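Submitted below is the structure of interest, expressed as structure tokens.
Chains here go by letter, A, B, C and D, matching the order in which they are written, and residues are numbered from 1 within each.
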Amino acid sequence: MSKPKFAMYWAAACGGCEIAVLQIKEKILEVGENFDIVFWPVATDFKYKDVEALADGEILLTLFNGAVRNSENEYMAHLLRQKSQVLVAFGACAAQGGIPGLANVSNAAEIKELVYIDNPSVLNPDRVFPQERFEVPEGELDLPHLYDTVRALDQVEDVDYYIPGCPPEGPQIWAVLETIIGVLKNGGDLPPKGTVLGAGTKSCCDECSRVKEEKKITGFKKPWEVPWDPEKCLLEQGIICMGPVTRDGCGGRCTSVGMPCRGCYGPPPGVTDQGAKMLSTLAAIIDADSPEKIAEIAATVPDPLGTFYRFGLAKSMLRRAKV
Amino acid sequence: MSANEFEPRIIGFLCRWCSYNGADLAGTSRMKYPPNLIPIKTNCSGRVEATHVMKAFADGADGVLISGCHPGDCHYINGNWRTAGRYPMLKKLLEQLNIEPGRLRLEWVSAAEGDKWARVVTEFVEEIRELGPLDWKDEVHAEYTDHDAGELKEAVTA
Amino acid sequence: MKKVSIDPITRLEGHGKIEIFVDDNGEVANVYFQIPELRGFERFCVGRPVEELARITPRICGVCPEAHHMAAAKAIDACYGAEPTRTGKMLREILYNAFSAADHTTHFFVLAAPDFVVGPMADPAERNILGLIAKVGPEAGGKVIQMRAWSHELIEIIGGRSVHPVSTVPGGVSKPLSKEEAERVKEIADYQVEFAQFAIEVFNQVVLGNSEYVDLIMSDMYAHKTYYMGMVDENNKVNFYDGDIRVVDPDGKEFVKFAPEDYLQHLTERVEPYSYLVYPYLTGVGWKGFVDGKDSGVYRAAPLARLNAADGMSTPLAQAEYERYFETLGGKPVHATLATHWARLVELLYAAERTQELANDPDVTSPDVHSMPTGITGEGVGVVEAPRGTLYHHYKTDENGIVTACNLIVGTTNNNAAISMSLKKAAQGLIQPGGEISEGLLNEVEMAFRAYDPCFGCATHTLFGEMPLEVAVREQSTGEVLNTVKRFV
Amino acid sequence: MAESKNGEPRIGVFICDCGTNIAGKVDVPAVVEFAGSLPHVAVAQEYKYMCSDPGQELIQKAIKEEKLDRIVVAACSPTMHEPTFRKAVQAAGLNQFLFQMANIREHDSWVTEDPVEATEKAKRIIDAAVYRVVYQQPLEAIEVPVNSDVLVVGGGIAGIEASLKLADAGHKVHLVERDPSIGGHMAQFDKTFPTLDCSACILTPKMSAAGKHPNIELHTYSEVVEVDGYVGNFKVKVNKKARYVDMDKCTGCGLCTEQCVVAKVPNEFNEGLDKRRAAYIPFPQAVPLRATIDPEKCLQLTRGKCKQTCVEACGPGAIDFEQKDEQTDLEVGAIIIATGFDLFEGERIERYGYGRLTDVISSLEFERISNASGPTGGEILCKSGEKPRSVAILHCVGSRDENYNEYCSRVCCMYSLKFAHLIKEHLPETEVYQCYIDMRCFGKGYEEFYKRLMNEGVVFVRGRAAEVTAASAKQADEEGRLVVTVEDTLLGVVRHIPVDMVVLSAALEAQPDAKQVAQLFGFGCSSAGFYIERHPKLEPVSTVTDGIFIAGCCQGPKDIPDTVAQAGAAAAGALALVDNRTVKIEPTISYIDPEKCSGCHICVGLCPHNAIVYNAELDAAEVIQAACKGCGVCVAACGSSVPVQYGFTDDQIFAEIEGALAEVSAPERS
């Protein structure tokens, strides 16, 4: 009897998710033993038609990382959904849009103008832009269509599970694969659809090693503006930390080195819009003796969009900036 | 309302103690103001989250009004101080999202200020009329062509 | 005219595509290397507080996030007018060299070595790290895994996370190194040096020991006479973290040496309508198309280039290996693309030695890990040597330190033009009229490309076996497939 | 849309015509038709007066026959009839919180000009309510036990009155007064308007009754420093300042006060018009009648060196310089705040010369001068000791004045008239001028009193006094006199009135520490510092904090009858609470699931009512149900949205937004 088929695909992503999978070290070989890897662009042939050739649902498990940024990504999202029994949004980009989702402050035209014309190192007097179809002397070349709006996987296709994180932490990934391998071998039930796997159900504060006390801040600080203190909660020191609005699972690594959480594990259960939630939370802990002063302090928040929506703009309620 | 003039859709979040009663007073005093704002009652303006404001815009509101007790008069002592903190952050965020900050407004309206309520709503409706429709539903869904695999295959694997 | 697609072969920002056009006589008419994706970091970095770019730009590439983290950190230092403290700089450099060593290791053992150890034309099923282990003994695999694991442990100790580290701040890093951590760092550094020597030993045995391979490396099919770029210290020795940019011409003579902040005077990028990735060239020479030679502004970066562009290595063992490298390959500069693999090992040794050197400095545990910004200068350029080439980050900010402009020249981009040329040359050399397009042949085409290590991604595959590729030779007009070669796990 | 517990929700929408109030503007049949078309709506009906018995029966009938499990009533404001309909729904066997009210009267038919627009708006409002009600859940009121004791803060007439009422009803009362004696301002008054009965004569009996009452424990010279807990279960810490006199030994004989060597202490009770000793009894009728040693003035206590004549003088040896402050913890079920007022300081209005010109005096000073037990033994005299030939009484000093207080102090007109009368009574020859803006004589017998004064020859000048100056020397006959400059708006001339004495009828202001007190007890206070009642008309003595009531001038300026009436009302309010063993609490409060809470502490510091505590064992925050007022601040602030506010969940608010924005038959945009 042939092994169940496994696929991993990256869309608009950095590759960190693949590296993260490597972090499971020798266990990767166990994946090899238990699955028949039919499709892993970094591991196997990328030709679409090999996937097209598969029967619907022939792939048992597909880990899809990266956001949906262009027509090629979207096509693959639909195709892999069709061919997979279990489609997992793997990593922050697939789950939330991730950092590529920040491109939703702009649109394709604006980005091209900047990258191919305005950038100081670019010399492009004839205003040459990459074309989706282009005739070279020898024939025709094509490029995928770049969308204006970056989307998370579940904004394009039906998703079974989510594994958040930028990237997901090695042990977490293994825990998930182990569960699935276990179910394959010994039977049993997979978690209910829509479950966030490889992460906790509380906020990052729960695993952050720092001591939490009542939070009343009188202004916003940068990490280097406060003396090094391994114990004190960063938020209490005025450093904007997304911990309270971020799902646990990473182990609180960033705060352990004195750097604030930026929310890569996405919102905890019950939070619909991570960035908006952070705004409500942060504003609430500003302490002053009058609402006017509170408003003054609140107005000094440096970059609400880029901080609160660092990884979640595409999945936010508004999804993108107006252009 | 004439069929082709833009009629703003506005959501108003009113605290139960001051603003909602202020709006009631405008009613009992038979003051007249435009019908574009639909009130939503919360116990305290401090309960109103950025998420609620975003939700309103995402679902098609052209403007959002948050109204609570005057500072010091809050029936939860300082619940509205939280609102006061959220407001400037929200404005800044909207600006970054390229949405006119004027589409969001915060007002302190007491239970005794029926006239202020009527004035605020009238002004706000006019301001939003000036700004024109936001049509966020269309904005975000503009590109949502929901291609099926077939259509895209053409685009990708020529 | 027929079109052969090799798709994908890499991922930089997304995926890569090679299009080979074969004319009616079956000869290669042209080869195009395409990058089909664009994410627009330059746009959405605008509006962010500049210090956050050290945590945003690493997401350009999860393979070498450390490089982006450091280039950003240096640009941010400049924007904040914050000169790193001695310890702050040391910790950054330790992290960075340890990363470089780990990255080079993975590339050599998992990607490059199998071609040589078991042979480019060998059975794909054996041509992988397992096959390599079979050849050089089981302990090799263990060593590689330990090297990777320990190096990432070190990155995590200083950087907070092993992928996408976070710990740099203007003028240094956020967290001091504890005594215990320092001990562990030393231990790891010692192992890295030990491992680097082992790696070179393997190379001696399996490659230099085999004249066939030496010939293959030196064969013209894999050579280009281009300019070479690399970062050097005040003694013109290779340095990954800090220094000036030195460019030598195809004869190995210094063409220009410039400070990172002057990069705009020396580099220009051009746009081709068939790729989302731009093509940099030397402004001083100019663009003459996809050709090599003194008159073409095409230059190369990464290990081969760095060794050519420098006068030596600053650490003893690496210096010795550097000398042996040029003696063996017939003096400077070395144009052979495949020699990059050896160059990479020389750098691996240097990186390990450098890590060890810094790890043993008593100041490494000083609490003085960052300085204080002296005021926002409004502009900063940060350059480091990423494993895949010189990495440029250039930011401008307003008076509040909010980014108003951001320009990035990413490691592999430097080699964009050269990669296209190498692929064309290899394809033309290998694909003969009427000749069967064999799997091994594809691998040899791929080797030309792989030497540049445009991305780590390609490497991971060999854990499971050969990277399956399919080349379809088809009637372009109809797209009808005339001949396909496939290979699978 | 979510499903109610038992499958698909079945919603009934009942739309009230409210006679013509709604139906006169809104096309109700059209709205009924629209409502009927909404998801899950099983019944949509119109009725003339939904709040009437037949209207309520209509709803109840439909609930039973149509098996409705969600009810929306579109009618007036919920503040009007929500309780009515909730009862009706509950009576029909449906939980009262499965009901939502759509306000299409105050928020629509009454404020919208155009009928078509009003109809559209009604649809949207109902749409929002229908979407919302689907997400509503049955809730049960929470019951907590009640402590039967009551705390009364402030020993003025309001506090005394409330204490007596409660004590007579058999409840233990703790009466806390900051001064050494109870009595408050009223004890300083001479006569009371309009009846002119002597203030002392009516107050003193109440004071001693309070002092003797077995159910009343006096905590004089004491202040509340901590308040914790919640309705029915308050925990209060009272700080009793060291009196340096043993209350049990002291007999109030007053010998120490005669022997004390420090003689030049301004006497507060007489507004500093005369002096007292460092050892003193505030006034003869003080309750408790005990001496107090002024720690700021006593040589022994300030310099640690004194002949201690007081100690010698004291037979029972009650004086004890070693005495320290004492803190007492009290547990009470209800609290009445009656902290009174503070008089506007005349100095603040430069041009009236108070503090600069002798014989420009405050109203309270006049009260003392005219009082038989006052510094002048009841003779109305200038500082010089001469009888004033003419007196001007300036109204609205610091009130009805945007520079100071916009509000009207309500009592000044009347006590000014009282002063005029007293002057005429003592010195019939003396001219009395009243410089007023309007005469406000609204109370029982007040207008009559005003008329009477006009017949007593008091001169009424309609106009706010511009300034008071010392007469220039050349106006010989005016030497040493004061001149009041005022525009007589009736005659339209500016008058310069020479007088010997000017009385400033100063405003009643909130106590200087009113805001801190409000914070301490957890209710709101206006920008002027007066405490805010829960409802200005229907709950004038309750605060937003259940179990805490207010009475007297701390709520706003008022006269004695109103104060006493309010004290009674507050007592009754407290009684209605502490007479029960338990109290029911609104269930629209927050709940924190310890399983979900990360223990980040954000909400803990935030709760305006200190209803959230951190449970270290569970590493989670906990809501003290009975203390929670349901503001929802914690819900909005929690980064993980762990707190749930029953009745105001995100689901419910989101649904309401969706409904309000859902396309009704609104004209399409071009």
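As a convention for this text, a contact is a pair of C-beta atoms (placed from the backbone, for glycine too) under 8 Å apart; a residue touches a chain by one contact, two chains touch by 3 or more.
Since we're looking at a predicted model, the values are computed, not measured.
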Query = Through how few touching steps can chain C be joined to chain D?
reply = 2
Message = With centres defined as the mean C-alpha position, give me the chain B-chain D separation in Å.
response = 34
Ask   = Which integer distance in Å separates the CA centroid of chain A from that of chain B?
value = 30
Ask   = For chain B and chain C, what's the span in angstrom between their mean Cα positions?
value = 51
Ask   = chain A to chain C: how many Å between their CA centres?
value = 25
Query = chain B: which residues touch two or more other chains?
reply = 46, 49, 51, 55, 78, 82, 96
Message = For chain C, give me the residues that contact two or more of the other chains.
response = 47
Inquiry  = Quick check: what residues of chain A touch more than one other chain, meaning two or more?
reply    = 72, 105, 140, 144, 272, 277, 280, 284, 303, 305-306
Message = Judged by the touch rule stated earlier, which pairs of chains are there in contact?
response = A-B, A-C, A-D, B-D
Request  = Provide the residue numbers of chain C that touch chain A in the complex, in ascending order.
outcome  = 1, 3, 7-8, 11, 14-15, 19, 21, 23, 29-30, 32, 34, 36-40, 42-44, 47-49, 51-52, 55-56, 58-63, 65, 145, 148-149, 152, 156, 159-164, 166-167, 169-171, 174-176, 263-264, 267-276, 278, 280, 367, 369-370, 372-373, 392, 394, 400, 402, 405, 407, 409, 455-458, 460-461, 463-464, 467-470, 476, 486, 488-489
Ask   = Within the complex, which stretch of chain B touches chain A?
value = 46, 49-51, 53-55, 57-58, 71, 78, 80-82, 84-90, 92-93, 96-99, 134, 136, 139-140, 142-143, 147-149, 152-153, 155-158
Inquiry  = For a test of understanding, state which residues of chain D touch chain A in their complex under the given definition.
reply    = 596-602, 604-606, 619, 633, 636-642, 650, 654
Inquiry  = Under the stated contact criterion, what part of chain B meets chain D in this complex?
reply    = 1-7, 9, 11, 17, 20-21, 23-24, 26-28, 30-35, 38-44, 46-49, 51-52, 55-56, 59-61, 69-70, 72-79, 82, 111-112, 118, 133
Remark   = Within the complex, chain C is touched by chain A residues 10-20, 22-23, 25-26, 28-29, 32, 37, 40-47, 50, 69-70, 72, 98-100, 102-103, 105-106, 110-112, 114-116, 119-124, 128-131, 134, 136-141, 143-144, 146, 166-167, 222-224, 228, 253-254, 256-259, 262, 302-303, 305-307, 310
